[in-house]
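Which chain is which? They are A, B, C and D, in the order written, and residues in each are numbered from 1.
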Amino acid sequence: MSGGTLNLLIGLAMGLNLLALGSSRLPSLIRAMSLQGVFLGVMPLLMEYETLNWRVVAVALATMVGKGVLIPGLLRRAMRAANIEREIEPFISFVPSLLLGAGGTIAAVALARALPLLPEHAGTLLVPGAIASILTGFILLIGRAKAISQVCGYLILENGIYLFGLLLIHSTPLLVESGILLDVTVGVFVIGIIVDRIQRAFDSLDTRKLTTLRE
Amino acid sequence: MTLILDLILRLAVWLLLAPLLPGIINKVKAWVACRRGPPVLQLYYDLAKLWRKGVVLSTLASPGFIAGPAVAWVALTGAAMLMPLGPAGSALSFRGDVLLLIYLLALARFCTAWAAMETGSAFEGMGAAREVSYAVLAEAAIIAAVLSLSVQTGSVSLVTMLSPSAGAGAVLLAAGLFTVLLAENCRVPFDDPNTHLELTMIHEVMVLDHSGPPLAAILHGASVKLLLFAVLLVQAVLPMGELPPLGVAGALAAGVLVVTVGVGLVESLLARLAFRRVPLLLTTAFLLCLFALLVAWKGGAK
Amino acid sequence: MTPGALLSLAAISLVAGLVSGLWFSRTWLAFTLAGAATGLGAALSVLLGATDWEWRSAFSLGGEFVHLRLDGVSAMFLALLCVVGGAGAVYAREYWSEEHYPASAPRGRCWWSALMLSMGLVLTISNGLHFLIAWELFAVSAFFLIRLDRQRPEVRAAGWLYLAASHAGTVCLFAFFSLLAARTGSWELGPMREQTALAPLFWIALAGFGVKAGVFPLHVWLPSAHANAPSHVSAIMSGVAIKMGVYGIVRFSGWLPVPHAAGWVVTGLGATSALLGIAFAFAQNDFKRLLAYCSVENVGIILIGVGAALLAVTHGDATWGRLALAGALLHVWNHGAFKALLFFGAGSVLHATGTREMSKLGGLWRTMPWTTGLFALGSIAVSGLPPLNGLVSEWLVYLGLFDAAVSGGPAAWAAMPAAIMLAMAGALAMASFAKAGAMIFLGAPRTQVAAHAHECGMGMRAPMLTLAGLCVVIGLAPILFWPVVARAVGSWRPAWVTMEAPVPLVTLGSVHAGLAVLVSAAAAWLWRMAHVNGLRRGLTWDCGYATPSARMQYTSASFGGIVSGWFRWVLQPERKMRRPRGHFPAEAIRLERVPETVLERILGPVSAVVIQASSSVRRLQHGRLQFYILYVVAGLIALGLLVLLGGAP
Amino acid sequence: MNQFLLIIVPLVGAALAAAWPSNRTRPWFLPVFGLLHVVLTFWLFINPPVVAPEAWLGFDPLARAVLPAVSLLFLICAAYGVSYLRIRSERPNRVFVALLLAILGLLSAGHQARHLGLLWIATEAVTLAAVPLLHFNATPRAFEATWKYLLVGGTGIALSLLGSFCLGYASLHGGGVGDLTFTALTAQGAGLSRPWVLTAWVLLLVGYGTKMGLAPMHTWKPDAYGEAPSIVGAILAGGVTTVAFTAILRVRSVVGAAGEGHIADRTLLLIGLFSMLVAALFLLGTRDFKRMLAYSSVEHMGILSIGAALGGAGVAAALFHVWSNGLTKGALFLSAGNIRRAAGSPSMDDVRGMSLLTPRSAAIFVTGMFAVTALPPFGPFFSELQVIRAALAAGQGVATAMFLGCLLLAFFGLTRVVFGIVDGRPRPTTRANAQRFVETAGVIVPPLVLLGLSLWLGLFTPAILREAWAAAATQLFPAP
């Protein structure tokens, strides 16, 4: 039954990817991302529910708090400071990114077949979901002009990797957990700080302004 | 002792006979033009007169202006000493003397050009420029001719080289060397020794400012050079190997005379070429010698 | 004393000079001369002795044991280095003196010692790794010497061009020595003629050393470097440094097996360099450029000799190969001597007038009699005219070629064209130096600077006299030098060793001597005759023109006009002219400039293409983060595809 | 125990420095702890400990072959840092000093990590710790550079994490029990699942390649090196990149054990050549002498990966090159820093005639440039020659030709820029700016020492070093 729930959650996460790709308004983008973070936080609990131990719980909590609350909050603050509401003229506009994302998701499902899985993972959507989120992350990173959207893209990319990491959470917990914790630190501290600093230095979050360093 | 005697005799022959050739040439030209013309010995009189005359030196000229003709004269006489005279052979013969001969001629040219540039006159600059430039092609032709001779005879020293065998090569060589002779001695059609328009001259314009003994040295040197080339030409093409010594001497003399007369005839029949055509003719001469070389080589190969 | 002791003395004194040069010019000179003398002693003791000198170190440097070796070939080049290096050091003290160049004179002294030291190392080292080290040190010290006067942009440009070209050559040498090491399994150098698998390496070596030697298509760096360097530097560059390239070619064609075509290619390269180099020289107006191009010609002559020797190795007999190689090696000395002499002369003209353009000079013989005489002597020598040394070596090369032609083998196909081109080159050299000497020293001064020139001092005259003496001695007594050359030939190919001269060098020498005596006698006699008969001074005959001026004299461009017309296909002169118009033309202009054809017409476009590529690649770094991440993804995809394709068994 | 000290000591130093009140005396923490670290490292280097195969962290041959170079470079940069921070006394240096020391500790961890996850954590911790150092100057340009470094580097982080997951899954799929020490992975060898290994290799190569700065993932380098203080540049170029390189080497050994070595080598060779070519083309055109250093560093990363692609001898040569390039590049960075400070601009367009204004730094800069372009007898000459020889021995003739061609182009570019700023007459503005900069011993001696080390490394390479490199090579490529 848990596998079903897990796949359901992953499917929702994939849906959120498309939402993130399609929305031109930053708040909805952030909301999609944070929601995805929360879903991801739930997953380990689902996977490990019979052998539940404190580490898994910690990971789950860290994820939910970090990706679901802290970072979105930070981004919202920066957004308000820079008072930007929406993504204007992105490098890849919304419909194409949607199509790309959708196509990518389909391709991901197909591609996942190429990689052999262990029987216990055979049924899950973990791999396609991971690939799809990674793809979404890249599309946002490449296609959006606002620093905030790029950060969201980066975090969705991380979410994808996290999804993938769940394959290993049983066998090599430490790798996964440390990875997750590091994501959170990257996300929270560094990116947050830099976004803030850039907002102050350029008093805008439009990366079009950040092209003075060039050949 | 005999060596000294031989040397003196040789010098006498070369130095005394050389001025005869221009005289003969002028005589021939006169005959063709149905004039009486200057006496055959005219050049001797001129030389004697010049030798006694004083010198007018350009204010710009350095001692090199006088040293030049002297060096040139010595170089030409030295070259003549290397040239074998039929049965008598040459004063000094060694492997590679032919190259030394060629470079002695070059030395003479260098000194004449240097002396000519001394005066800073545009005319003489012009002449010197032409002299040294045309020499490039002439020397190529000479080397090709010499190569053909040495390939033919398998030797690199004049005495043995200049006993060629008759053949197609000889004809080509004769034509080529004759043209080179005309060019090197500044005869028509390359240059006109009797013109008086400085712009059109090569050799004569180089010596415009020379006078007195230096001029004498130059003129005499020029005649020695002419004789040198005539002798070279004759010995290079006439197969005189099997004749008796006297016969060879006679043949040589006759040959030189023929060449001289030929030069005279050419001068009276042809007009001077335009300067831009000169390289063409010289190249032809070079090609003639080159063909001679190929003939000689392939002949030697089989 | 053994060569080893002498060499170590030389090295010590050169190092001492290197250290002291920064402060004390006199001490530096003493040390440098001591080093040169001892080095020369070592070289001669090897050349006149029978045995090579060899030394292996107990310690290792860069992971290799130091292995020094002085045999006939290297000793010949070492002797030249010592002579020119010493002479140049003396010359430099007056020419590049403290009071004229307070900033650069000390640097110049240090780099000079460094240059001599590194070239000496190049000549003695017999280990690939250390050879590369010494080679690069030599290249770099030469570079810093060239740009001594680095405040002038054209000097900097010339220096950079030299550095770039030299590095290109060095890269070839990297490949050469690494391949050698990879094939033989060690960096050790030495005779390995029997390992025929190594033959193809010769081509890489030829390219690498050819750049330094200034062989025709690879000579691009040479003219500007020689022209813009201080004259004593030009002298050692042209006299010795480019010979290092020749040394490399001779050395490794002697030690390694050579491919079958080597003889043909080297002879061809030599003939081309000889003819085209001198054609370019004749067309120059800058007299130092003229000398530089003349160096290209002389390297060509040397290579003709080497090529003939290689032909003899592959198909032919030793006799004419030996002659040609002997000629080439002797020409290395001769060219070193007279080219250094000529550059010193050029330096004293430059020192006196400050211009390198012949069309601004003229009539210097009055103010600079010594320089004039010495330059004239150098010109006779470089044109290969009797009775000086130039002829001796060219004569040997010619004999080699003639014998090759006479021998009638396939080598004749190469020998005969080479001989003819050599003859044309000789005639052109004579023409070029008639022009140079005349334009600089004869006639009337064309400008004020030329009118107010001054003779150089003893410090610059003495080295010139020394070198001139060397030219004369080799010219008049070539037989004295035969054993040396024969020794070198013997160590190039042991099979060819011979002591008795195969050609009548004695006769040639005596003819030269006699010629010298007669020439001077005749000149004196004519001079006396002129004075006896009475000598008047008058204006040059000007065809009745009333107001002649110095600018009416024949200029260098007009003097070279005819020949540069013949070589227009390669010279590609750029003309700017305004023909005289109307009955009383106001002005007429005719400017002619001979470009560096290979550099401007071939390398220029190529490098333009590279620069184009570079700027289009640089446009990818446009500062847009989105694209940077795209590049990462692209890299990911590309590598993924690569692995997929590579993964396919 | 000592290998832990290598990590702990600098971290303690970082903590102390962070707590230290005085801005003036804090910089002294750098040399002091740097010295401690050097002493420890070389003590371990002389008598290496036996490393248990299952250990997650250990001073194994690879660490022994690289870590001393990093430590040495850090010490000298630290010595420079004291005088540098005195010049920049207007900026608070608490974070700067603390993080520099932290980076040293994390580098030691990364070099000694024998566990996939640990290696990743250490490497990425270094990346993040470097962030505040980059915007030490707090100019908008610095923030822009940091932003790019962070996102491009972050992508690298993400990909290498994904790669690590894939490798882990490969082991899991091959019946592994989830032990991700390199010993275990190598032991599993052919048991690893092939598709997953290849995927992991690509992801890890790109991820760690981003950190190394291989083209086309090098884009962050010029910005970061151009805007960061030169001491940071030196440590990034000589230290941080080497961690990524050793990471790639370790992964490469696992892939080799899995029997896919030839594919890995091909990818390494191609990406190395590509990086060299791209770097050479950039060098031909760039007009900024600090960005020039970045591109030169890209070129040398290319050389490293080419060396890594050539098997045992190549890896030994590459490790040699890590030493020689790191030390020489350090000298270049420090002298470039002096020139930059004196000239007030990093661009050829406004900087000229520095040989007149900062003669010593200019001399060091020129010498360093020659050294880094493989002029004998400096270190890079010998190491690059070893790479060439290894390539030729491996029969890679064409690759060698391209390699040499790129070296030549890069030489043209470097000489163009370097002599462009050293020669000529300085502009009056530059002159005025240079008045305020004094070439004290503090800023001249460290680069000189680095040059001296590079020379010594080339001429008198100690046998023990060669032995260490060879040992590392055999650790990665156990002779079959």
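As a convention for this text, contacts are C-beta pairs under 8 Å (C-beta built on N, C-alpha and C of every residue); 3 or more make two chains touch, one makes a residue touch a chain.
Remember, it's a predicted structure, so these values are computed and weren't measured experimentally.
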{"item": "Central chain of the complex, centres being mean CA coordinates", "value": "C"}
{"item": "Between A-D and C-D, the pair with more C-beta contacts", "value": "C-D"}
{"item": "Centroid distance [mean C-alpha coordinates] between chain D and chain C, Å", "value": "44"}
{"item": "Gap in Å, rounded to a whole number, between the CA centres of chain B and chain A", "value": "99"}
{"item": "Centroid spacing, where centroids are CA-atom means, of chain A and chain D in whole angstrom", "value": "31"}
{"item": "Between chain B and chain D, centroid-to-centroid distance (C-alpha), Å", "value": "78"}
{"item": "Sequence positions of chain D contacting 2 or more other chains", "value": "144, 147-148, 151, 155, 222, 282, 285-286"}
{"item": "Sequence positions of chain A contacting 2 or more other chains", "value": "141, 150, 207, 210, 212-213, 215"}
{"item": "Interchain contacts, given as pairs of chains that touch", "value": "A-C, A-D, B-C, C-D"}
{"item": "Chain D-touching residues of chain C, taken from the complex the two chains share", "value": "61-63, 129, 132-133, 136-137, 140, 150-151, 153, 156, 160, 163-164, 167-168, 171, 174-175, 178-179, 181-182, 610-611, 613-615, 617-618, 621, 623, 625, 628-629, 631-632, 634-636, 639-640, 642-643, 646-647"}
{"item": "Residue ranges of chain C in contact with chain A within the complex", "value": "618-619, 621-627, 629-630, 633"}
{"item": "Chain D contact footprint on chain A (complex, rising order)", "value": "114-118, 134, 141, 147, 150, 154, 157-158, 161, 164-165, 167-168, 171-172, 174-176, 178-179, 182, 185-186, 190-191, 194, 197-198, 201-202, 207, 210, 212-213, 215"}
{"item": "Residues of chain A touching chain C in the complex", "value": "91, 138, 141-145, 150, 207, 210-215"}
{"item": "Sites on chain B touched by chain C in the complex", "value": "51-64, 66-67, 69-71, 73-75, 78, 92, 94-96, 99-100, 102-104, 106-107, 109-110, 113-114, 117-126, 128-130, 132-140, 142-144, 147, 150-151, 154-156, 198, 208-209, 212-214, 217, 279, 290, 293, 297, 300-301"}
